[in-house]
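Got a structure for you, questions after.
Letters are used for the chains, namely A, B, C and D, taken in the order the chains are written, and counting of residues starts over at 1 for each.
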Amino acid sequence: MGSELAHLKSPNPNFADDVRRSFAQQPIMNLLGASLALVEPGVVEIALPYRADLAQHHGYLHAGAVTAIADSACGYAAYTLMPAGSDVLSVEFKVNLLRPAQGEMFVARAEVIKAGRTLTVVSADVFALAGYTKTLVATMQGTMIRIVRASSSADHS
Amino acid sequence: MGSELAHLKSPNPNFADDVRRSFAQQPIMNLLGASLALVEPGVVEIALPYRADLAQHHGYLHAGAVTAIADSACGYAAYTLMPAGSDVLSVEFKVNLLRPAQGEMFVARAEVIKAGRTLTVVSADVFALAGYTKTLVATMQGTMIRIVRASSSADHS
Amino acid sequence: MGSELAHLKSPNPNFADDVRRSFAQQPIMNLLGASLALVEPGVVEIALPYRADLAQHHGYLHAGAVTAIADSACGYAAYTLMPAGSDVLSVEFKVNLLRPAQGEMFVARAEVIKAGRTLTVVSADVFALAGYTKTLVATMQGTMIRIVRASSSADHS
Amino acid sequence: MGSELAHLKSPNPNFADDVRRSFAQQPIMNLLGASLALVEPGVVEIALPYRADLAQHHGYLHAGAVTAIADSACGYAAYTLMPAGSDVLSVEFKVNLLRPAQGEMFVARAEVIKAGRTLTVVSADVFALAGYTKTLVATMQGTMIRIVRASSSADHS
């Protein structure tokens, strides 16, 4: 439901550049063909054009692709509210698949629900765009953890 | 935790062929490089060799790829216990990412927890294999829905 | 995030009476001291005054009580959009506990995200009220199933 | 699915006493009539006899009561593997309700899946006992956070 964080400021003055640099270093986003569509404090959108090789057996976008863009959007939305020098990892997420993911383009929009020192809770909606219609096809609720970059070694908990 | 379904029989005598045929029709599994490793009544395993283009920004397998194989394994595990002529869709799933997904090979093993007429609850563990070690990196709990194939139209609920 | 269902009409002209009658038949709501605060198509609120005997070991409202009102609110929100003669059961839910549940009063507000023939997806926010402040303490995302009342026997799936 | 933690040792030599003392300080467990049935490193069981005032509108145990014992079992299972002086809070959990919670007695059995320095992932199964039968009625997957007791103030993340 509604995020409580409006008119947020990021503690990291370079948050948008940092998100874009990190996103460019995620090879799977390139493989899928996803791109950053919006980066604001507490809000990130990722767009993914439909491609037949991303489908499941009915031709709909596979839940793995839906989840990939929703999870990355959640992680980066959390990241926009973290101090410089942080890193972010997903702890867990839950996805409800509401309708078949049919469309020409998909957009995952993530909003921070609660930003904490260590843990940040984020929700994301994934919309399918087809012609002039926009349909909600999935919704995610997840938890992200902040890692201080120097110690971003093997164990994230 | 432990599945309660041991020594199960499928109501579909061709369940294994049906799973293999459906899997072969999931283009995203081919894009990722995933393959079916085990198909038994109530249990399915999917294997995915590591590739650099499936990684997130630390070089670990992206949560979207982890989820893609876990979700497909859950869906097919549910499918093995459905009557012939059924179809399966994911309703929802929850993933806990336990450790960085580092390894040469990943295996998602799904087991049915409870098979119902309409809904089937499944859990999956995703393991990373590296040399002789096998590490649990993620665990999923999800709900799959049976669709009677003739009516597998737009609305799955 | 935002519900897509605004200005809804219920297919059951007596939905509000039916919700109130069913709620009155939930003994645990009486044990906890919870009451219905709002019943509209697609939206239900349940209020619960703090009592020391509902607490966990720090004196905060126990997650079980938080979940009880959130789950009942989700079930009844789904129910408001079902035809007369339906019954509703929870399939699954996920709760993020955002802050310690400290307050004089708690309100769970549930909104339908997607109503289907069989399954309805609902989200709920739980707020703590203390003096003039209102704090979001938990958020739920869940799936409810419609049962046709005649067959509401043992197996709900 | 299977916990990976067998033959565990607790870093807290008094873990069992600490769990029992903390449990005794949870008023809601007393209100519900729940008791600790097993406390071992990484594993905790909580038992709850059926009472009519814990039911939902069909007479089954309400999902809030099911969740209350599952969540407390998960928290204490995590706690058994934490150093002395720790405190534990629930971050999030997901519950699948598999069958109507009908029975004379309910037992929530929680097992740690992965214990980390900060976060611990736990799963729990809730069984209904009736005569000589034992039925799995719900399964939980959740995340618990360790708090160092001195700083167990308002913000748990």
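Definition applied: contacts are C-beta pairs under 8 Å (C-beta built on N, C-alpha and C of every residue); 3 or more make two chains touch, one makes a residue touch a chain.
Source: prediction; values computed, not measured.
Fewest steps needed to get from subunit A to subunit D, stepping only to touching chains, is 1. In this structure, the chain pairs B-D and B-C differ in their number of contacting C-beta pairs, and the larger number is found at B-D. Centre to centre, using the average C-alpha position, subunit B and subunit D are separated by 28 Å.
Between the CA-based centres of subunit A and subunit B the separation comes to 22 Å, rounded to the whole angstrom.
Between subunit B and subunit C, the centres computed from C-alpha atoms are 31 Å apart. The set of subunit A residues touching two or more other chains comprises 91-92, 94, 96, 98-99, 114, 121, 143, 155-157. Against subunit D, in their complex, subunit C makes its touches with residues 22-23, 25-28, 30-32, 52-58, 62-65, 67-69, 71-72, 87, 89-100, 102, 152, 154-157.
Within the complex, the subunit B residues that touch subunit C are 91-92, 94, 114, 116-121, 143, 145, 155, 157. Residues 1-4, 94, 96, 98-99, 109, 111, 113-114, 121, 123-125, 136, 139, 141, 143 of subunit D are the ones that touch subunit B when the two sit in their complex.
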